[in-house]
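Below is one structure; the comments refer to it alone.
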């Protein structure tokens, strides 16, 4: 039910390969089904401030079992979850965090990526998911 | 690769001179390339609450290797980095923080200035940069 | 001057191999010379609470450029650094954190290990260091 | 009633001179009578973790208007102020923090020094005080 370290490292390896392919430098974090850290890498030259963001994206994706960008739509001013980011010692609600499911559809963890545009962060996170399934 | 205390003090001296010239009272913080504090001054009569803001601006500028105001444009409601300020134990994303580069373009630290309008904060931060190069 | 991701991954690989050899399950964190996170793994079945401890041990070792256990000797009741752990948002001052030096003796980062007895944590951290030099 | 930036810089200059004389590398912080930061320097090569400790020593000295080491005697196990360090977002109660008085005996701020043995930290803090009076 829980992502293994080996799986998490495979996820990160795929994500790093994608980051290199699109010429970005990323921080990549993987958490398990309990939203606890399993593995993390900061690529050389990647933003220092993105380490915390990558972890918070992974946690946020698992906290609510959806891609972080979906939460961000709901947390805008006037929307139902406005400022939900204050909870859980800080959420990140823009794209780059995605739940990780096994081949039965069960959520076994989440990946969070930060270091470039949110579009690139999301692309790299999705590439990581290819390691599972 | 890292700003020295002497360089940081020169940056602050230039920044203070500018702050005096435009008749403002500033808090000025300099961090190194690891986003760790190197030097700080609060000018007499400057806002107490700006000490923490100056430090957070300097850290934020180094965390993402860009002027803090650039992040603030992206963190507005509806924009890609909405509420990024919740990361890293608190970012400051309005102008006044700028990375410090050596004459090869390598980032060796960052300056953060707070105490007046954000326009003035940025002007004073830029004046500090003149001490390097 | 700063540990690379490749070096950090080699350190972790050596540390994991040692952890397996002595039949323990560890959380292992590596920070750079600015005490910022570079890489992290939690071995399958390792304590959840040790993720934060591994990071704090790595940071503590770099904050004071010595093995964490040395600080712990000084922070006992009646000793000079009693309750130093309240600084820097939480230090860990028992063994398991060690600075990482390059072959010139320059500190380029630190490793923190948590998940077993502090003796084992320290042994695994030392094994990680063998990857450098 | 309050230390000026010029006075704080003079205190730091004296303290740095003493630190150099006894071959130590220090973090030195000065706060005002409101326990708010006025000036700070980290000497090249000084411990990264001592920046926060220097500030906390200065604040602690002003919070209770006595040298930090006096508080540390009272905060030992079994003593009246056991674990007072949990208050105020973290106190530091070993030597290196001293209130700064003007020539009428009025407390106008405090200095905090960290980076060597607590004896050296205290000596450097005392040297800083010579700048006032």
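Just so it is clear, A, B, C and D label the chains in written order, and each chain counts residues from 1 on its own.
Convention: contacts are C-beta pairs under 8 Å (C-beta built on N, C-alpha and C of every residue); 3 or more make two chains touch, one makes a residue touch a chain.
None of these values were measured; they are calculated from a predicted model.
> Copies subunit B, subunit C: same or different interface, half of numbers shared as the threshold?
same
> I'd like the angle of the rotation relating subunit C and subunit D after CA superposition, in degrees, nearest 5.
90
> Any idea how many Å lie between the Cα centroids of subunit A and subunit B?
Centres of subunit A and subunit B (C-alpha means) sit 29 Å apart.
> Quick check: how many Å separate the C-alpha centres of subunit B and subunit C?
31
> Let me have the rounded angstrom distance from the C-alpha centre of subunit A over to the C-alpha centre of subunit C, please.
Centre separation, subunit A to subunit C: 25 Å.
> Going by the contact rule already set, what residues in subunit B reach two or more other chains?
Correct list: 34-36, 89.
> Chain contact graph: line, ring, star, complete or other?
other
> Name the touching chain pairs, would you?
Those chain pairs which touch are A-B, A-C, B-C, B-D, C-D.
> So in the complex, which bits of subunit D are touching subunit C?
47-50, 52-53, 56, 72, 75-77, 83, 85-86, 90-95, 117-118
> In the complex of these two chains, what residues of subunit C are touching subunit A?
Within the complex, subunit C touches subunit A at residues 4-6, 8-9, 34, 36-44, 48, 51.
> Flag every residue of subunit B that touches subunit C in the complex, lowest number first.
1-2, 32-36, 89
> Given the complex with subunit A, which residues does subunit B contribute to the contact?
Its residues touching subunit A are 34-35, 59-60, 62-65, 77-78, 80-84, 86-89, 91.
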